[in-house]
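One structure is given below, represented as structure tokens, and several questions about it will come after.
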Amino acid sequence: MPPFLFWFFALMTLGFGAGVIINRSPIGSALSLVLSFIGLSTLFLSLNAYFISVIQVLVYAGAVMVLFLFIIMLLDLRAEERRKINVVAFAGGAAVALALFVQVYRIIGALGAARQAFPPLRSGNTDDVRRVGLLLFANYNLPFQIVGVLVLVATIGVIVLSKRELR
Amino acid sequence: MDYFLIGTSLAKIAGLLAVVLGIMNYSVYAERRISALIQDRLGPNRVGPAGLLQPIADAFKFLLKEDFTPGHVNKFYYWLAPCLAMIPAIATLAVVPFGSTLFGVPMVIADINVGVLYVFAIASLGVYGIVLAGWSSNSKYPFLGGIRSSSQMISYELSLGLAVIPIFLVAGQLRLTSIVRFQIEHGWMIAPFIGDWTNIGKWLLAVPMLVSFLVFTIAIFAETNRLPFDLPEAETELVGGYHTEYGSMKFGLFFLGEYIAMITGSAIIVTLFLGGWHLPLPSWHGGFHWAVVNGSAPGWRGIIGGIFNIACFFAKVAALLFIFIWVRWSLPRFRYDQLMRLGWVFFFEIALVNIFVVAVIVAYISK
Amino acid sequence: MLLFIVFVPIAVALLILAGAPARASAVAASGAVLLATLLAFAGFDGGHAGYQLVTSRLVSADWGIHLAFGIDGLSLIMLLLTSLVTFAAVWFTPSIPEHENAFYACLLLMAGGALGAFASIDLFFFYAFHELALIPTFLLIGIWGTGNRQTAAWKITIYLATGSFILLIGLLLLYRSLPEAARSFDFRLLQKTAGQIPAGMQHHIYLLLLIGFGILISLFPFHTWAPQAYASAPAPAAMLHAGVLKKFGLYGLLRIAIPLLPEGARYWTGLLLVLLLGNIIYVGLVTIAQKRLDWMLGYSSVMHMGYIFLGIAAGNIVGANGAALLMLAHGLSIAVLFAVAGEIRGRTGTLVFSDLGGLAKVMPFAGLVFGLATFAAIGLPGFANFSAEVMVFFGAFHVGADLQHFHAFQVTTVLALWGVVISAVYMLRAYRTIFMGSASEASASATDIGTNLRPPIFLLVGAMLWVGFFPQSLVGRMQGSWRTSFPGK
Amino acid sequence: MAVTVRRPKLNWSERLYLPAIAGGMAITMRHFKNMLLGRTKVTMQYPEERWDAHMPEYYRGAPALVKDASGRERCVACQLCEFICPPRAIRITAGELPSTDRFAKVEKYPYEFDIDMLRCIYCGMCEEVCPEQAIFLRKDYAITGFTRKEMVHDKEKLLEIGGVMHGLVLKWNEKK
Amino acid sequence: MQAAVLEISALVLGIFLLLCEAFAGALDKRRLAYGGIFGLGLILLASFFVTAGPLQPDAVGFWSFYAADPLALFFKRFALATTMLVLIMMLESAPRIQSGLGEFFALPIFTCAGLMWMASAIDFVMIFVSLELVTMSFYVLVAYTRRNPVTLEAGVKYLILSALSTGFLVYGITWVFGVTGETSLARVAAAFSQPNLERAPALFGAVLILVGLGFKIAAVPFQIWVADVYQGAPTAVTAYLSVGSKAAGFVVLLRVLSAFFILPQVQRLLVAVAIATLIYGNLAALPQTNLKRLLGYSSIAHAGYLLVGVVSFSGAAVGFYLVSYLLMTLLSFTVLIVVANSAGGEEISDFDGLSKRSPFLALAMMISMLSLAGVPFTAGFFGKFMVFDAAIQQHQTALVVVAVVTVACGFYYYLKVIRAMYWESPARAAPIAFSQLSRVTMTGLMIAIITLGVYPQPILRALSDASHPVTAQR
Amino acid sequence: MVTLGDYLLVSGLLFTIGFAGVMLRRNIIIIFMSLELMLNAANLSLVAFSRFRVQPDGLPNYHAQVFVFFIITVAAAEVAVGLAIIVALYRARRTTHVEDIATLKF
């Protein structure tokens, strides 16, 4: 991917990511997040990770965020009225976040590999679904099964938490 | 930069869009016409010969109507929603192979190796338009319609996804062109025994594949909000559903988006189950066998073959569209709870069990 | 035998909790323990250097922890003290309005803990048994105490828990600073290998032990919990704690800190001297200022600890003998004092000096006994305390004595002697205000201690007199143990 | 009063619903096929095909003024129809016949005669009340126009629709 | 028999219970709990016939994720026992559950499987996945009584903070992967010991992972969720959370640290965290009046002691401490449930005069409180003893000092409960009813606490095998 | 030329944005979305590392992508459960605002 496209999509990801926390209307936040995810999935594409990219859109944009949207609408959360902000807490939170970023930035600076370009692949058209799939089902079978249990638990949980109570 | 690639891609996009938009327009016409015929009427037959110019008249009607925005809506999202409803349906077409080759150029816009997943990914974005439309209208019927629609789409996406898995199991591919090629070599998915007539396993396989096909098709019905699953716009309960507050071209976008989604859905069914652009015909070289007529032949025969393949594809799509319409005018609408129960308790399980059946057959019997 | 002594109280306590008749079982149990102890006493071979009556059960092979009991002269004396005071305390228990069973169970648990601690020759159980005794103390004060009992209970618990854990750290450090092969919780092995601990480490460990034990003993300046706790505690509990449990720390110093860590002991002698003077002089003066008998007794008990420290600090056989004897003597006398004080409170409803007076007329027996105990506490000849204090002072005075100039020990000893005067002042003043003079309103209606309560007092006073006249019967039995503890001297 | 409808107990093949669905589809298909093959009768294609031939005698279409065999406007502007008209669709301005006229003895003629077809309800009262047999409801229907003005039939229009009627009583003719 | 059989049987048991719940409509749901307890008991029994094996760091596939070493086995048994006891407690609190009783009994069994997997996890992917399985089921369990706003608040807080910690964990794993190219702990450790390792990013990743784990074990400063969640969640779940989840967190921490301790800064960091945890947990517990909340803070404090053990590389100390913690915490929570059922509240004042209403409960509570405080002849004492010993061995003077001071603090607040039970007069005189099963359980726990305080050898022996691979790293 | 560092920077920024959202926003749903941002930042890093660490056979290190797959799956399940809890909370309290959720206090 040419640099200008990379920066375009990176800015899209980050800009809409920032939109999530800047937007006062939850719907706006949710849609920003969707766009951010779509930007992210393009970045994945640029890294030859087609499978992850598509999964990203499929799961996040297609399912997770719809769920969010759904809940926001169901609860009818309109834009928040401006509350009085606790200045100390706000400044503290911002400072911590900033410190975190500075730390990350410095770490990236310290990472020698960070300045290197990506080594070339054997071919651009990697058969990544097959390979990830093979790895997943052969090598990572145990974690995969556990994730299955996890999803089962989550399903039970959601049903239990939201089913109508017996009177 | 590969200018040839870009050029041909643009050409393909333009061509496909033109064809699809044409089909879309005429599917509206066909819908009206066929519904009329089924109901012992004649349908639109005024504008142009046999009413064939009716779509154009419709388009003008949409465009020329007053573009009214109600005062109580959430303006930004109200405008955004119709656009969002249209885009995913069109974007899905990018990976669908609508022909073999023409002039040596493969007739698919983006031949990516995660084709099917891409289809689902993009299709799953279709909910946003509807949900936002319902929400931003700030009015109770649209809202209920939007909520119903999104939950319906999410629910049936599951069956949709599960119903495709047998295909992966059989073909071992996610790339749509590869799936088509597999079908050409090993028989269509809906009839896997073709070409291997003596294999009992393949005959056995046909049963779950048929089930898979049915579930998939029904799920597509639900995804596109077609009757008998058109709960989101059940007029008797919800007036117009999520587009109650919409008029003129904004409504038109929803309306056309629905038809494009239908076309896309049909195209995918065709690609996955019905052999794509392939049609078994007597070979160019004489003798009857399941040979391929395609664009790879040299000279003018290749060109004709390629065009024939494209025609084949769209013919199949058209046939499916007919079925869509036919079903719509035959079956009554479900009740909402029935719809959801059907999706979760019936199709979901069928698709799930089906996967295992296919897996067993593929692994042990049809070797 | 030792298993019997240790576990009978605990077992009977559990039985009582489970519903056995409280008083009868308790008295029987403590009596049996007393008898057994006397038997052990009689059968004890004073010349023998090691531990006698040793029993050992392996508890944890990985850690080398054994449930091991055994006695030498020192522990014998402590056992004797414990069983005497326990018997007296149990007998002396007034009728308890509520939870009688629990009260007796707690008493017995305390006694069992103390007995276990004194009889253990395993570091771990030595510590653990003492801790076991702490909780009943807390309950006894908290549930059945008087006055500001909750604060007192809190204070004692927090202090003692902190002290115990500092102690625990000290002991662990001790265990860990031994070379890997020599690590053991067994006293007998420890005594052999303790010399291998480097001097620097000894300093650390000794300080920890000193502070830990010091808190338990109410060493100045960690003493503030004691008077309040004794003032609030019911008489039997105060008897047991002041008489017995508190001695655990001293016993620990004598048993562990001094013999195993001679370097550390030497290093911190100066500090210890200063602190013990604080106990004797400062606390003594504070004692004079008290307005209530129970508080006064509490402070006096703190003050007397100073003498015992002095004997221990001396680090020679005479001093140690004196310290051990003084532990016994003080335990007996303070038990009597608390017992009588408890009776006075029970009969007059007050222990404030200004409300009391002329009790000798209505409570002649109490007056007599209290007088004897007062004399003992001051350290008049003929009582156990006298012989013990004499040995302490001599032992201390001897340390580093040359006739050119006074060493710190000599100064300390001289100053400590003033303590005797101080104690005479407050004890006698207390006796005068309570028993002499005209009868106050509160004391007019009081009755004397009944005959049914007199036997334990006779027992304690008798023991005091006996030790006062025949200290050698005890000292002789300790010589064997000193041979291992102070091999050089 | 609520009536409880007993739901039929379905057996498993019925519960599958597939046969029923297929049956339904077949029915619609049959209709579709019949339609395509032209076997189904369809509704009349109105503007092109009309039903005029089948109109009954008593059909009440647009009201119209008639002339008699001698070409005389029958209306004498008596204004009875204007008076009786329930929706007040008729407006008549009377004029005096010049003495030179052959029927001068009639005295009046309608100078203007407007029927507002937007108001007319085709009740036929005017026809009934007319003493001169001048106004008739004809078989014209589908009266349309682009403007309101067009929808007001003036005298010329009315006479044009009415045409000439024969066999009327000709009381104003000179007796022979 | 392979160790993996244990998880699978737990899973089958859970699914079986779910199916019973779904298809045996008329079934008394309590039967499910009994079934669960019985089944887990069988699995626990089976765990003694499982062959333990050494770690196989070079394996691919299954064995590169799954360790069946003695440590893992020990914690598997631990998880099984905890879950059984929690199920018993759940039975006691069943009347408060408005709906979904069957699921309420089935979920812990899945959680148990997750805990067992966690005990065996030797790969970051596996750690992540099994940790999330446990967390996920706790999300549900914590918010289970959803009529109760307090519970829901607890659920939301747990949710947000736990998800946050997951974020940190994942980001940390990312960095570790980025530096080493591996997710397997053994291979990460090997890569960390390479001289050309890029220190800063590796350390950054390690710290982020520790932050994530710190949330799970409630170490300061990641403890903010604990008190609220413990107070708000159904009591049985609180008990489960404080024992099961924490134990699993610690076993993961032990395994992870065996790789990370190659970086010296990590240990210093952990010491600081342990000190902060000790101080915060104990000080914050002092003013509490709600017993559940108090136990919450006390669990932070105990996390501090456990961290002391971790910092001192003593798997045995941590293991023994966890066992004693299991016994006493579950005992106290069982009593709490019973009392709360009758008093309707969990304030300490609801325990006033418990000794008069039910001497048995008062005794049980007293024993557990004493054990929590660390009084000798209880398991709690021996745990502290071993932890301190380990710390002294490592010359962690500061840690020891802080730990001792905080222990004294602990006495104050634990004895507060005893004071309420024995000194105060009861508001009601009615005796408290509870099931026979609970009585048996409590008796068993009491006996176990005392026995382990006097005779800890069985656990120690089990641990001496188990702690081997951890300490072997040093 | 786009380097690994660029991707890591984007990922780090995204992580920070998410973290800032968690710290600064007071609406639980938004906080929850921010958490998703954090997870996705990790995903981006992982995929970048996966692409960077090309294996000897000339393919990316797919182990990282498998991990990303797990993260996505888990996150989706987490969202489902989380939203169920949030909805239940909203039903009980009519709020999704953190400051309104303070029945439990120190």
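Labels A, B, C, D, E and F are assigned to the chains in the order they are written; within every chain, residues are numbered from 1.
Operating definition for what follows: a residue touches a chain if its C-beta (ideal position, glycine included) is under 8 Å from a C-beta of that chain, and two chains touch if they have at least 3 such contacts.
Since we're looking at a predicted model, the values are computed, not measured.
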With a step meaning a move to a chain it touches, how many steps does the shortest path from chain C to chain F take? 2
Among the chains, which has its CA centre at the largest distance from chain E's? D
Does A-F or E-F have more contacting C-beta pairs? A-F
Using Cα averages as centroids, what's the distance between chain A and chain E in whole Å? 31
Calculate how many whole Å lie between the centre of chain C and the centre of chain D, each centre taken as the average of the chain's C-alpha atoms. 129
I'd like to verify one number: the distance from the centre of chain A to the centre of chain C, where each centre is the average of its C-alpha atoms, in whole angstrom. 69
Name the residues of chain B that each touch 2 or more other chains. none
If I count partner chains per residue in chain A, which residues reach a count of at least 2? 51, 55, 63, 67, 74, 104, 111, 113, 128, 139-140, 143, 147, 150, 154, 157, 161
Mind listing each pair of touching chains for me? A-B, A-E, A-F, B-D, C-E, E-F
Residues of chain A touching chain F in their complex? 1, 3, 6, 10, 13-14, 17-18, 20-21, 26, 29-30, 33, 36-37, 40, 43-44, 46-49, 51-52, 55-56, 59-60, 63-64, 67-68, 71-72, 74-75, 77, 80, 83, 90, 92-94, 96-98, 100-101, 104-105, 108, 111, 113-123, 126, 128, 131-132, 135-136, 139-140, 143-144, 147, 150-151, 154-155, 157-158, 161-162
So in the complex, which bits of chain C are touching chain E? 17, 59-63, 67, 99, 102, 124, 127-132, 134-135, 138-139, 142-143, 150, 153-154, 157-158, 161-162, 165-166, 168-169, 172-173, 175-176
Enumerate the contact residues on chain F facing chain A in the complex. 1-10, 12-21, 23-27, 29-30, 32-34, 36-37, 40, 43-44, 47-48, 50-52, 54, 57-60, 62-63, 65-66, 68-70, 72-81, 83-88, 90, 96-97, 99
Can you list the residues on chain E that touch chain F in the complex? 124-125, 128-129, 132, 136, 139-140, 143, 146-150, 152-157, 159-160, 163-164, 166-168, 170-171, 173-175, 177-178, 181, 183, 227-228, 231-232, 284
What does chain A use to touch chain E in their complex? 103-104, 106-107, 110-113, 138-143, 146-147, 149-150, 152-154, 156-157, 159-161, 163, 165-166
